[in-house]
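Look at the two complexes coming up: subunit A is in both, with subunit B in one and subunit C in the other.
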Partner chain A sequence: MIVAKTGNEAMAYAMKQINPDVVAAYPITPSTEIVQIFSSFVADGLVDTEYVAVESEHSAMSACIGAAVAGARAMTATASQGLALMHEMLFIASGLRLPIVMCVASRSLSSPLNIHCDHSDSVASRDAGWIQIFCENSQEGYDSVIQAVKIAETCYLPVMVAIDGFILSHCMDRIEVLEDEQVQKFIGKLKPNYSLLDVKNPITVSPACLPDSYFEHKRAQAQGMNDALPIIEKVIADFAQAFGRNYPVLEGYRTDDAEVVVLVMGSTVGTARIAVDEMRLKGEKVGMVKLRFFRPLVYQRMKERLGRFKVVGVLDRVESVNSYVSPLATEVRACLYDVNPCPLVPSYVYGLGGREITPDDIMAVFDELLAMNKKGKMKDEVTYVGVR
Partner chain B sequence: MTRLKSWKELPCGAILTDTKAVLENKTGAWRTKRPILDKNKCINCLVCWIYCPDAAIKVKDGKVVEIDLDYCKGCGICADVCPPKVKAITMVKEEK
Partner chain C sequence: MASLKELCKEPELFSSGHRACAGCGEVLAVRQVLLAAIKPVVCVMPTGCLEIVSTIYPHTAWQVPMFHNAFENAAATISGVEAAYKVLRKKGIINQDINFIAFGGDGGTYDIGFQALSGAVERGHRFLYVCLDNEAYMNTGIQRSSATPFGAHTTTSPAGEKIPGKMQWRKEIVEIMIAHDIPYAAQTTIQNWNDLANKVRKALSINGPSFINILVPCPLGWGYPSEKTIEMSRLAVETCFWPLYEWENGTYRLNYTPKEKKPVTEWLKGQDRFRHLFKPENKNLLDEFQKEVDRRWERLVRRTQTNY
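== the complex of A and B ==
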């Protein structure tokens, strides 16, 4: 069925079709509508979910953790300061290997106060042990939430699905939604291995693991993320086969004969596609690579796919204060460390606090990258696109 | 001493479904103060049993029979919640 929905409406609709056992949430711009709309589904009796209206995002994640430990399918949504307030509990959710799914409408972090899009919130959660999906459009957001449930419950890892705040969350788009039964069949029933409420089979949750065992648990958790990629790719393939929409972890756009590419996450992928088309009309052999998963980092794929280009301009919608290059560029450089010859990897920080990024901006980036390719060296390590 | 497990042998998410492992870990060794129960004073109100954060107050047929020193960490909550007119539990330093 084809419908007109905003990104938030699409995410809420995916949650309705998933029909989770528990949703605990505290509203925050620009993700407010996701849980607001979902709460109306609860009030109208359209879902079986226990909705917990909590007093903060810290409590929202805590309630999701409690629910997941009890064997429930638990979900929430947040953004920005809310995600920051959850920070402590994000590590507990992942450390306990709980399959919680969270929708994020990406937004900058204060201060100064700004409610608009950048990836500061999700990227600041990078080390929390969550799978992180960045979506190009609301269709991918809707589909990713459904995939996320399957991925989380197979990997025993929590998943956050990020749509760009306002750019996707508040813009109406054409969305193809699935039937409720199709979603239910795809995600299947949650089969918990234990439940905290099962008093006949008591469990110990989050025991003290002192210097003699904490290290081993963290090593095992790292392996959980290392092992996630084949599971993720199977879920993506199953989804593509069932519903005809394919979202690879790393996608090349017009890269076959390209020497110069940009690497992009989130809604700017769509903008970059237009910029690539425009550059191609001018006869420039440029392309774009879309990265869908920031965690797990698909480093082997990145090495294989990006290593053959001459210049990889990395577009990052986040400022990681005083890092040598921006967060994604740091990862790309690490992945390409032993590739010889190694591409030039300049870092471009753009769009902070919702600053608009246009095809023209990206075409200007391409012009710089092409000049670097000609000279065989970088102009600057980090460029702030359009900053005054 | 038993061999410590490798990371590949540990339960996923450190969630222990085998509660025997908890019993093997004699946490009473953490104690610096020991509760002494005077059974002549005890009125078996079981308030200490309710409040004990572990399960160290052993009760049989509605009566406190002993404090399990294998797991009692000496927090002293039992002595604190014992009714003032009863005061059946006193905390003494382990070295005494």
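== the complex of A and C ==
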């Protein structure tokens, strides 16, 4: 069925079709609508969900964790300060290997206050042990939420699905939605490893671990994320086969004969596609690589796919204050370090606090990248695109 | 009414061999609560003494399901557990009644976990929140909380040359819970097991949130010999510093009135944390302490008489 929906509406609709056992959430711009719409599904009896209208995002994640430990399928939605307030609990959700799925409408972090899009919120939770999916458009947002449930419950890892705040969350788009039964069949039933509610087999969950055991727990958790890629790619392939929409973890756009590419996450992928087309019209052999997963970092795929380019310009919608280069560029440089010859990996930061990024901006980046390719030398430090 | 004979027959659900200090009031309270509880129960606790003494991996003292999440969110966590129970019960995945108990210290209840507690009570989840009130952050080494009594020396309200200990009065957490129009709230202590057991049973038979504040003396934090825990608990009641009372269906009830109200110094003098108050120059502080205990006691008596 084809419908007109905003990104928030599409994600809320996916949640309705998933019909989770528990949703605990707190409103925050620009993700408020997700919980608002979802609570209307609850009020109208369209879902079986227990909706816990908590008093903060910290409590939202705490309640989701409680529900998941009790063996329930739990979901939430947030953004920005809300995700920051949850920060502590993100680590507990992943440390307990709980398959919680969270919708995020990406937004900058205060101060100064700003409600518009950048990736400060999700990228700041990079080390929290969550799988992180960045979506190009609302269709992908909708599809990713459904995939996320399957991925989370197969890997026993929590997943956040990020759509760009306002740019996607509030923009009406053409969305192809699945039938409820198709969604239910795809996600299947949750099979929790244990339940706190199993009173006949009482367990203590999340005890204190001293230096003699903590390290092993964290090492095992890291392995869980290291092992996630094949599971993710299987879910993506199954989804593509069932519904005809394919979203690889790393997707090249007009990269076959390209020496120079940009690497992008989120809605700017769409903008970059136009910029590539424009550059191609001018006869420049440039391309774009879309990165869908920031965690797990798909370094195997990145080595395979990015290593062959001469220049990989990394566009990051986040400022990591005083890091040598931006967060994604740091990862790419580390990843390609042992590739010989190693591509130039210049770092660009754009679009903070919702500052618009246009095809022209990205074409200007391409001009710089082409010049670097010619010289065989890059500007080492971060370039800020569109800052006045 | 729980009889001692009856309670003795109940299996111990909090095992011996845990790492609590000798004379720890907190674990006595947990054992009493679990003996009295209507089973089965599923429990949650925040980070604190209780978690550290009862769960060091791979050991656990808990014979009932127990989930430790973080410090400030026991009530939010149990909200999620209870919400999961409701929906799984509806779906037929869970087929029996379960009672939910959160055990928090005064730090996790009065202070850092207060917002989550207020939210969970307002939302009306069916759970009992037990505050194990030992009047300071004992787990991190005796720092003041908003439950710490006036004048007490703690490591963050030290009795110094200029400031003689904590200069604020403790927060009346039970009254704050009552202000939520909670169906059941009570205050008790470990010395009166019968009172405690009855309150736990009443609380768990309520279809909604309930709250019990239990005074649990701490030998290390209060500075008294470990064999005096029950005496400390009794003196707190006999001096009317710690009234045993409850709030049920909109009505106050005083559960115990001492035949002869002891001066509060009887309770204070056995504790190192109040030792400085007994210096001659601090006599005014002791007087002030007594005055405030009297004021609060009389206010409570008035409330129970008029059902204010």
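Convention: the second predicted complex is superposed on the first by the 387 of 388 C-alpha atoms of A that agree within 3 Å, B and C clash if a C-alpha of one lies under 4 Å from a C-alpha of the other, contacts with A are read in each partner's own complex, and residues count from 1 in each chain.
Just so we're on the same page, contacts are C-beta pairs under 8 Å (C-beta built on N, C-alpha and C of every residue); 3 or more make two chains touch, one makes a residue touch a chain.
All values reported here derive from a predicted model rather than from experimental measurement.
Judged by the touch definition given at the top, the superposed model places A:181 against neither subunit B nor subunit C. In the superposition on chain A, contact of A:223 is made with subunit B only, not with subunit C. In the superposed model, A:98 makes contact with subunit B only, not with subunit C. Once the two complexes are overlaid on the shared chain, A:52 sits against subunit C while remaining clear of subunit B.
Touch counts on subunit A: comparing subunit C and subunit B, the chain ahead is C.
When the two structures are aligned on the shared chain, A:209 is found in touch with subunit B and with subunit C. In the superposition on chain A, A:197 makes contact with subunit C only, not with subunit B.
Shared interface residues of subunit A (contacting subunit B in one complex, subunit C in the other): 69, 202-207, 209, 213.
By the touch criterion stated above, subunit C contacts subunit A in their complex at residues 40-42, 44, 51-52, 55-60, 62-70, 72-73, 76-81, 83-88, 90-91, 93-94, 96, 98, 115-116, 118-119, 122-123.
Across the complex, subunit A meets subunit B through its residues 69, 95-98, 156, 193-194, 201-207, 209, 212-213, 215-217, 219-221, 223-224.
By the touch criterion stated above, subunit B contacts subunit A in their complex at residues 4-8, 10, 12-17, 19, 21-22.
Those residues of subunit A lying in contact with subunit C across their complex are 21-22, 24, 48-50, 52-56, 58-60, 62-72, 74, 88-89, 92, 196-199, 202-210, 213.
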